[in-house]
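Just below is one structure, and these are the notes that go with it.
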């Protein structure tokens, strides 16, 4: 009887340690890195891209190359169980990794629902369903609270927003982009709602024409942004510039990266839209 | 002369070995042949081969064009190959063709643009050098403009990955593709070498060459076709790698002289060595980041050439 | 005896313009022919038509009874060589490499030069007194030395017929005489037939045994220097006043230019 007990204990312990044996994961994109760390996988991440900077612990991990040119040699050498990345520019590398029989998960969410699905997929692969549930519940709660606040406000009273991704050429995030949905969820109206591409060059004249109430810059700007915008020809009369509602103080990474911090991003955007 | 060639061959083998042993990942020599590192070693071997054939191909194509155009600034991308290939690739991506067919699309684009350049420059059956150079430049600029237009209009994010085209890429994943291009390049180099005597005579002057019994127009056509095939083949797998096709021929002329019989083989080998070394540097300078090889060839090539030139000026 | 070169009703020019109009002439083996005439008379055009640089519009040129436009280009170049006015070479070939290129018409594409080829090249350099320049780079030579090297290259082709286009116009008188004496020697001792375009009437008189005076694309007069270089002929063609004397040393015609200004 004692023997059976002993053996079953060892067996259970073995299962337990097996279930939590160190896995080896590599993330090739800042957004997937954030997701992995948010799921508590910090010990199992063995390699990240050079742009993966959040959480700070990510910077201590082995560097496998930059975002569009990950270094395959390094990846192979680290013997990953799974590689997480985004689709787009990494396509040739991805097909080569697959050819070398390395497991790859591609996540490329263009809206919040896709992002949640990605998180669930990643959780399934890494056996972190519990953590994922908690994470998503937390994000959802934050989003729901904002939704409740803006529900009563009719659409045409919501502030018009222009997202400036870059200044030269003037680039914005339009229909179909992740940030576009964040703006809507935060209670704003993206003036670039009719662009043909998610990220496209936008006419400065059209900005003047559509007269946004707020402008949000997703890049770091040291000078007072409203002053800089004011110097652009014809922009002095734009409502956002006149009322000093040009914001460059949101950490771009919480609104540009489709990751766990978007709920925070929505909160920050909402704060500024509804001062 | 034979001694110089033997030294070059040794250097080539040494460079090749170095390229396999050194990489962005530090693997100690004894671990190199372990089963687990096999994929890495194969990747490196493919890289070394790609670097060698692209170096040799571009340099010899450069020699051929410099000889028949009698212009020291002639280089392989002169005839519009690079923008033609880029346009072929961009059109393919825009039409949603699978990335499997990218190299084929780029190759077709390159060939079509060369045909366009050639026919624009043609005057009856003759091709005057200045017309060829001019039409090459014009077609390049026009096609580049179309590429930019298509990229700005398109909704396809994959086009952003096209930057690797501009500065070259030596990591080609498909060994069958490398083999196909290697065969093409070797054939091209062989044909150009067969005409080494003709190229010598044409270097002296077109009329002088005719008086030596050489059918200059025919040789020009064949050289243009060969140089174009080599360049088109290399562009569609490696993108644009500048400097090699322009400067390595000049460097080797300073070392072995302008006689194409020795110039062509010597340039083949030295360009291969040069590319392999540049590739090694691009991988080990800031690992795991890979500096695009076009940057290394320029940064390394320019001072080397200047040193050689200054030394020659002191002697001669 | 069949003539070496037979020119039959030859007409030709550039862009379908008739520069040379209906020229017929027979050149015998061993002739030293000088083609003279005013600017625009078609001297260089005629030379290019004869040396296959230009294709004729009408008529034919027969070399050893074969139409030159039907001959293989290499076959023609084994028999006829061409020395241009001046050749500026931008590549640093050695003199030996340049001279050896003369063997190209005789060699297959990848065939290396054999002992025989090198012998011929050596002889050519000996005859042109360029052997001492063998290892020098062609772009380091003076124009006189360069011209001699180009002639050596032409001789290395082992031709029966040599065309020259104003071979001495860029040379000083010392070098001019040197080149022309060499040509005379080759003509007299080796039986090389020479057809030369030149400007200098007295040179033509001194060295050529036959002179072709061209005017407006046609042969105005042809024959020995004495027959052609008369003051009437020269004044008609060149439209300038000259006096023709006899050279005191060899009794050949000697043309003296007369200025119209006092």
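Just so it is clear, A, B and C label the chains in written order, and each chain counts residues from 1 on its own.
Here is the rule we go by: contacts are C-beta pairs under 8 Å (C-beta built on N, C-alpha and C of every residue); 3 or more make two chains touch, one makes a residue touch a chain.
The structure displayed is predicted, hence computed values, not measured ones.
Chemist: Which of line, ring, star, complete and other names the graph you get from chains that touch?
Modeler: line
Chemist: If you average the Cα atoms of each chain, whose average lands nearest the overall Cα average?
Modeler: B
Chemist: Find the chain most remote from chain B, comparing centres computed as mean CA coordinates.
Modeler: C
Chemist: With chain centres defined as C-alpha means, what is the inter-centre distance between chain A and chain B in Å?
Modeler: 41
Chemist: Could you grab the centroid distance between chain A and chain C? Build each centroid from C-alpha atoms only and quote it in angstrom.
Modeler: Whole-Å distance between the two chain centres: 82.
Chemist: If you average the Cα atoms of chain B and of chain C to get two centres, how far apart are those centres in Å?
Modeler: Spacing between the chain centres: roughly 44 Å.
Chemist: Give every residue of chain C touching chain B within the complex, in rising order.
Modeler: Counting only chain C, the residues touching chain B are 51-53, 73-78, 81-82, 84, 87, 89-94, 97-98, 101-102, 104-105, 107, 109-110, 137, 140, 157.
Chemist: Which stretch or stretches of chain B touch chain C in the complex?
Modeler: Residues of chain B touching chain C: 70, 72, 194-198, 200-201, 203-205, 207-208, 210-215, 253, 257-259, 316.
Chemist: Which bits of chain B are touching chain A when the two form their complex?
Modeler: Residues of chain B touching chain A: 23-25, 27, 36-37, 39-40, 43-44, 99, 152, 154-155, 157-158, 160-161, 163-164, 171, 173, 287-290.
Chemist: Flag every residue of chain A that touches chain B in the complex, lowest number first.
Modeler: Residue positions touching the partner: 50, 63-66, 68-69, 71-74, 76-77, 79, 88-89, 91-92, 95-96, 99-100, 196-199, 201.
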